[in-house]
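Each chain carries a letter (A, B, C, D and E) given by its place in the written order, and its residues are counted from 1.
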Amino acid sequence: MPVSYFLVLSALLFSIGIYGVLARQNAVLILLSIELMLNAVNINLVAFSSMLADAGLDGQVFALFVIAVAAAEVGIGLAIVILMFRNRQTVDVDEMSLMKW
Amino acid sequence: MEVYEILFWLFAAVMGVSAIRVVTTSNVVHAALYLVATLLGAAIMYVLLFAEFVAWVQVLVYVGAIVVLMLFGLMLTRAPIGKGSFDNDQRPLAAICALAVFVVSSVIMVDAFEGQEIDFTREAGTTSEQVGNAIFSDFVLPFEVVSVLLLAALVGSVVIARRDEEAAD
Amino acid sequence: MDWFDDWGLSLTTFLPLVGAIVLMFVPQAKEAAVKMVGSIFAGLAHIAGIVVAMRFDYGESGRLQQVVNLEWIPTIDVNYHVGVDGMSLPLVVLSVLVSFLCMIYMHFHIPEPGKSKAFFALVLLLETGMTGTFIALDLILFFIFFEVVLVPMYFMIGIWGGPRREYAAVKFFLFTLFGSIFMLLGFLALYFQTGTFDMVELRELGAAGIGSELFQSLVFLGLFLGFAIKVPMWPFHTWLPDAHTEAPTVGSVLLAAILLKMGTYGFIRISLPILPEAAIDYAPIIGVLAVISIIYGSLCCLAQTDLKRLIAFSSVGHMGFVMLGIATLTDAGINGAIFGMVAHGLITGMLFFLAGSIHERYHTREIAALGGILKQIPRFGATFSYAAIASLGLPGLAGFWGEFLALAGSYDPAAGLDETLFRVLMVGGGIGTVLTAGYLLWTIQRVNLGRVPENFADGHGIHDVSKLEWIAWAPLLLLIVAAGIYPKMLLGVTNEAVDVLLGAFGA
Amino acid sequence: MTDFLLLAAEEAGHEVHKGTFTEYMWIVPLLPFLSAIVIGFFGKKMKNRGHAVGIAAVAIGFALSLVGFAELAAGNAHVEKAWTWFEFPGGFELEFGMNYDFLAGVMFVVVTFISMLVQIYSTGYMHDDERYTWFYAVLSLFTGSMLFLVIANNLTQMLVGWEGVGVCSYFLIGHYWEEKENSSAAMKAFITTRVGDIGFMFGIFALFVLAGTFNVGEINHLAEEGEIGGTALTVAALLLFCGAVGKSAQFPLHVWLPDAMAGPTPVSALIHAATMVVAGVYLVARMFPLFEHAGAALDVVAIIASITMLMAAVLALVQDDIKRVLAYSTISQLAYMMAALGVGAYTAGVFHLFTHAMFKALLFLGSGSLIHAVHSNNMSDMGGLRKYMPHTFRTFIIGSLALAGIFPLAGFFSKDEIIGGALRAASEGHRATAWIVLVSAVVTAFLTALYMTRACVKTFWGEYRGHGHPHESAGSMVTPLWILAIASVTVGFLGVPVIGPVHDWLHLPGHELHGFDPFYNLILPAGSVLLALSAIFIGWQVFHKGRLKVDVLGGPFAWAYRFVANKYYLDELYIRGIVRPIQYSWAKVAYWINQKVIDGIVNGAGTATLGGARVAYTIDQDVVDFAVNGAAGITGASGGLLKYIQTGNVQRYAAVLFAAVAVFVAAIALT
Amino acid sequence: MNVAVDWHALAPETVLTVFACAVLMVDLFLPRDAKWLAMPLSAAGLVATLAAVVSLIGQGDRLTLGGAFEVDTFALAFKGLFCVIGLIVLALSYDYFREGEYAQGEYYFLLLCGLLGTLVMSSSRDLVSIFIAIELISIPGFVMTGLRKRDVKSNEAALKFFLFGVLSSAVMLYGMSLVYGATGGEIQLDAIREALAGRGDDPIVVMSVFFVVVGFAFKISAVPFHFWAPDTYEGAPSPVAAFLSTASKIGGFVGLLVLMFRAFPDVADAWRPAFVALAVLTMTVGNLIALRQRHIIRLLAYSGIAQSGYVLVAFALITPNGEANQQAFQSAMFYLAIYGIMDAGAFAAAISFARRGGSYFIDDYAGLWQRSPALALLLAGFLVSLAGTPPMAGAWAKLFVFLAAIDADAVWLAVVMGLNAVIAAWYYLAVVKRMFFESPAPEETREIEVPYLLKAAMGVAALLLLVAFVIPRPIADMA
């Protein structure tokens, strides 16, 4: 079975992820979209690694690392989102057209 | 048409649809759930590709941890469960762009891996032991580093997320 | 004393730097100490310079002497390669001398807002840069010194300058930087063509011809931009009047006396010997621009109402003569050019001193407001007339020989140059000398002669030349007449070096 | 260190005849220079305020010049010696040398003699001047430079002295610089002559390129040998002549000399009558062989001279300021000398230079004495002064007669020689221009007598029209007058036709000496004397007896009078046509260009960059407007919930980026 | 199972890890008013690491962990640099965090983790390690940016930085996965190069490289992928900004360097245009926008962007056959080294000025010279160095890139650089002008007292720059 099937699938996921990143407004949703992209990456890696079964398992391992890192990132990301949310309640809106001069 | 092909097409379809829903649904929780679907689909794909270990990790870490975390996050920030658009005003542009990326990359990849077959006739896929060997032979350094990284991430998210009771700064 | 033949030059160059560093540790409160330290180091540098001159072998002034050549950045073949020959020696001596005189002058003229410490430190830093430029025999080293000068001068203008000092300072810096970037590109291009930054080697290679004609002319163009802006040549001169007008007296003096020479020196030390063919191609352009500078500068002088600005524009004219001399590519022309550099250094430096002192006494530089200085403070007035007349190129004073030789050269330019064109240029230069006489005499008449304006009649705070001023000026005044009566003093030193230079042209 | 000041100068090697004294003639210029320095630095402290030094120096100089001249006369040919001033490998050698021959000898005598007398005279005339010492310093400096110019063995050195005397004259003309017009006159003098000097300098270059040397003797020699010639030589000669025109106030550069009368009268006597102004003549005389072989050069000289002499003589006729009368007379007399050279009458020209120096100095000093007495330059304020100041009167008359060329005074011989020379040249047809010279010379002779008569009449006869009581000047002033008067009477005899020694002294090799010729030596002189006398008679009738009154202001000749009274509008032309435009219009234009155009471009570049910066910044900020939209989102969120992070713009931007990347990849990868 | 590990080669990383964990542990037991002790501890850690690095110098190249980890001059040079920068950043942080009472212990821990990432990056020679390293550099960055938790700016900055960081990682990873496939399963750089040899125009290769480059372009904030940087730097705690614009950015560059020069040179013809565009855009836009900044941190941010533009020039010079590559590589290294020091110095000065109710606005720098000459002089020094004028080492940095450009016959690039240098000088001088040529506002005449650590940091940085100017040889040789 051609490896291209998987590649196209990953390409699909990747571009859907891009779409989400570009079209979504909610930070969490953007994060979800990025997760889609990361999965596309993983599918690629795994597909390749089994396509080149004799060339070792680098692809799969790589994929594992990606998953791990993704987990870490999600953790951080949500923490930041929560923090931000918390400040929204407390901090006055007028002070916030910031970081521009 | 072999069985694994059927499986592939089936779950590919599922993944595609749910992925699209992830980025289009107007309900945050649904979005998260669709993501779960996609990720599970991905796990199936890994199985098809003889990467059981990766598949398990995918299920555990992603579906188990990440998505749950996400849902927590959504709850915590009390995102509206109900309707409401989360999209900005440029879906078309985004769509075009995504389409462009998709077309270009898939065309190129298909062309590049013309005739590259995945041999499904091989017997049992990679065992977790093989993976372990691989990790501890060639990937010791990344492994160690990743552990530090995870630690850092942990500490980081704690620092960020915890309410520091005292009124600092 | 042999060690001196190796290290004398470096000593001359870096003593001021040491002085500047030492100054950092002298508390500003101790004004006197600051001044003392500053002058001492400048003085030491001056002595070192004189010793260098004394140990110079005039028998073969064409040869580079007291050469030191050390590896500096081997990876790109940059060396600490310094030395002097007949072309650079006078300029080295000039710069140490003038800097020292400035130091003396600064003892009692620290312009607003004071801060003598920083002021002295900057002058010392400047001195290092200037001297270094004249002894460097490695392109990168040259470039570094060439650039080092920018920073202190920028601060000097910016902090102690006149009302529009900020504009002037920035303009000066950016303008020069702009030029020197292209100069640097030229240097690097040379490096990759020849694999060396060493001027001496490059000169040898240059005689044989480096690279294609196109390459040469492009590189020459780059260098030209760098040097012409520094000179400055029309139409790259507009930074000069502003810088001069705004700069403090000492700044103007150093600017006129030495900084401008770095450009012309670059031409004779680098552009000409290394890229002779291109030089021949460019000579007519340079000549034309030079003559434009002469006439144009004189005309602008006639239009000035501010004394200092007038002198600034006169520099444009005088440097025009220098460039004309260089453009002729002849013995006479280039010797004349070097002579002109030194002469202009002495004379215009002197004039800026005087302009500064006038401003200090009368609190204005408006020519219209001044008058009868010769009546009120005769010695000062006499000195002013003397300097002005020297500046208009009176024979027997330094100003003459530079112009004479430059024009002589352009009557009979080097082989391969269009004779007719250069004779036309000569005529233009001649007209220029008449105009020069015109505006200078007119200035004398308006500033020096006539009756004393009422508002100054009481003579309050208007004193004649003070003792320290005499000390600071006497050397210049004497050298002006000495160089005029006995030009061989300079030409004897330069002409062999120039001959070596012209060797590149098969002359 | 000695090396550094390379003071050792080596011999440059020209043929050198040994003379006992003439060897050391270079001392003569040196003395005044030294005295100038001494006076300049210590004069104020001396009790005599410095004049003693100056007079002493120049007196010694005079003595030496006489001795030297005697030695020349005794048959020692000219002495030339030189040191290298500096040289370039390219055969470019500049010498610092002396060249003492009869011509130089004559000049030496004239310069030192007049200078001496003038300085003595000035002790009286300048007595109360506040810049007395300075005055003497500059006088000495001038004398030095003049002698330096004369003794120069090469053109460049001559140029140096040339400019030196120029600047001295600038100082002295502007001596009373409190008055603007005086300093302006000084500037006018300097700049006008400078115009000529540039020509001189170019001439030097041209000759150097032709002859490969600056040395006068060699150049002349090469010219005679015909080594150098052709148009180039003519051009070179003419360029040199430009210098002469400037210095000797020939048309069209004569305008400065009358104004130069703004200086103290002794200065006018020394510089603007006897010495500096003849430098031009001296130059032509010095380079005479060159001029002879330089094609049409001499003709140009002759024509210019003719124009000048007439023009100036006419102007002298209408002046009221006595010094201006003399000034114009000087111009026309200088033209006389030039004309002489122009027709090849070298001897006559130089001889006239010599005699003229005497009586013109006399006249100036005399007029100075008058002015000193009546405190005015204008003859309209004088009159009847012969009663009050007998000495001045007598000497002045002698001078005038000499100038008018009455036998046996100095002027007679020299002028007669010139007319004779012109006639010879014309009749023998050497030169076509000789006729012009002849005619104008004769007319000028007549006019000269006429305007001198006018001057004398208006000054010494009639009633005193001035204020106060004029009185004879002090001895220090009168003595020089008498000495000069005697000189004016006697020196002429040196030039008695045929037998006068001048003919041997100033004889150029290759020119035949004319033997006795009744026409040239009896009839012609008689004629010219008659001419002069008739002019005097007419003048007496018109100006004293008041016969033949012509209403100059109205009447048919009014236009002519106005034309002349305005100096042919030449000054107007120069001022309005050249000076003012440059000084104001062109200068303004150039400066405007500088500020608006060139600097405009420079600043424009800066502004453009800033503009670019503004644009880039705006785009950047609008596109990457995170915070502002974030704030907007927060505004939404203030409703309670963190709904949006409005990254809209960023996303649009990112979208474009991704699309761009995709296209880029496609472009590169699929081609 | 067990692979031979060259522990000495790993020493620096090991030491640093140990100290990082130590900091974390100690922090738990420290009372609140003694939390600052974490700083000296981390400093000690960095010094120890530096020592370890030094101990490796001159030992020749070492390759361990199956070629994943290489210790050569390049790696050592950068490790040293990162340690120095790290120390400077620590010095900057001390007072800032102590007074702010932010989570000090964690902060120092995260900082060390980030630095560890840079160290690993210097030695990583395969895709996975590079990926992990860059993540290890970024993730602590996200957190540290958000450390001023009460400050909305800080939060926004963190979120923005985070989102773009993750996105860029995703893009980069996608590229890497394709490289993996296209090369037939290679992840070692040298192997990749072999696999790619002669496939310069293979679409898949080109595309994969592109995704990688885009990913990195985000990390090093190259125009047009720069937009997150200024706001992030501004919102982040200033010391963190310093870290981001020096260590973190240079880390990204190191990754890009090894990838481009060791893995992808044969594909150069395909992506050179991209790098040319990136370089020109980055320096020009960066400089132009910097011209308009009135907030010192934003100015430094944009100037930093422009500076990376000069480095990118080096990448635009790579050629497959590559006789000029060496030159380019060296110039990039040299530039990064100098840049790290001078930028850190500039940040130090800005922080010192902003302390204690100071301000970040350049207008308020007016007459700083009269208030505290030393500070003004130092800042001026750093700016002059950034402007690339003698007598500071910045001049050499520029010079080397010029050299490389000319060497590769990319004259026009050099010219563009030159013009940019002039523009850059303009805004650097504008600050200098404020400090020296203007007199302070009447009420603002008090001297600014600067803590010793900051003084030390600036002093060291300035000294390094001066020395590097006088004797650039060591760096030049190392490069």
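In this text, a residue touches a chain if its C-beta (ideal position, glycine included) is under 8 Å from a C-beta of that chain, and two chains touch if they have at least 3 such contacts.
Just so it is clear, the structure is predicted and the values come from calculations on it, not from any experiment.
Under the contact definition, chain A and chain D share the contacting chains B, E. Shared contact partners of chain D and chain E are A, B, C. Here the two chains linked by the largest count of contacting C-beta pairs are A-B.
Relative to the centroid of all protein Cα atoms, the closest per-chain Cα centroid is that of C. One inter-chain figure worth recording: chain B and chain E are separated by 31 Å, centre to centre, where each centre is the mean of the chain's CA atoms.
Note: centroid distance chain A to chain E, computed from Cα atoms, is 25 Å.
Computed centre separation for the pair chain C/chain E is 42 angstrom, with centres defined by C-alpha atoms.
Touching of two or more other chains is recorded for residues 7, 14, 17-18, 21-23, 25-27, 30-31, 42, 47, 49, 51, 56, 58, 61, 65, 69, 72-73, 76, 79-81, 83-85, 96, 98-99 of chain A. Multi-chain contact residues of chain B (touching two or more other chains) are listed as 77, 79, 86, 88, 90, 93-94, 97-98, 101, 104-105, 108-109, 113, 138-139, 142, 146, 149, 152-153, 156-158, 160. Multi-chain contact residues of chain E (touching two or more other chains): 128, 131-132, 135, 139, 142-143, 146, 149-150, 152-153, 156, 158-159, 163, 167, 178, 181, 203-204, 207, 231, 426.
Chains touching one another form the pairs A-B, A-D, A-E, B-D, B-E, C-D, C-E, D-E. Here chain D touches chain B in the complex through residues 641-644, 646-648, 651-652, 655-656, 658-659, 661-663, 665-666, 669-670, going by the rule given at the top. Only residues 606, 609-610, 612-614, 616-617, 620, 623-624, 626-627, 630, 634, 645, 647, 650, 653-654, 657, 661, 664-665, 668-670 of chain D touch chain E when the two sit together in their complex. For chain A in complex with chain B, the touching residues are 1-9, 11-20, 22-26, 28-29, 31-33, 35-36, 39, 42-43, 46-47, 49-51, 53, 56-58, 60-61, 63-65, 67-76, 78-83, 85-86. Those residues of chain A lying in contact with chain D across their complex are 18, 21-23, 25-27, 30, 81, 84-85, 88, 93, 96-100.
Residues 127-128, 131-132, 135, 139, 142-143, 146, 149-150, 152-153, 155-159, 162-163, 166-167, 169-171, 173-174, 176-178, 180-181, 184-185, 187, 230-231, 234-235, 293-295, 298 of chain E are the ones that touch chain A when the two sit in their complex.
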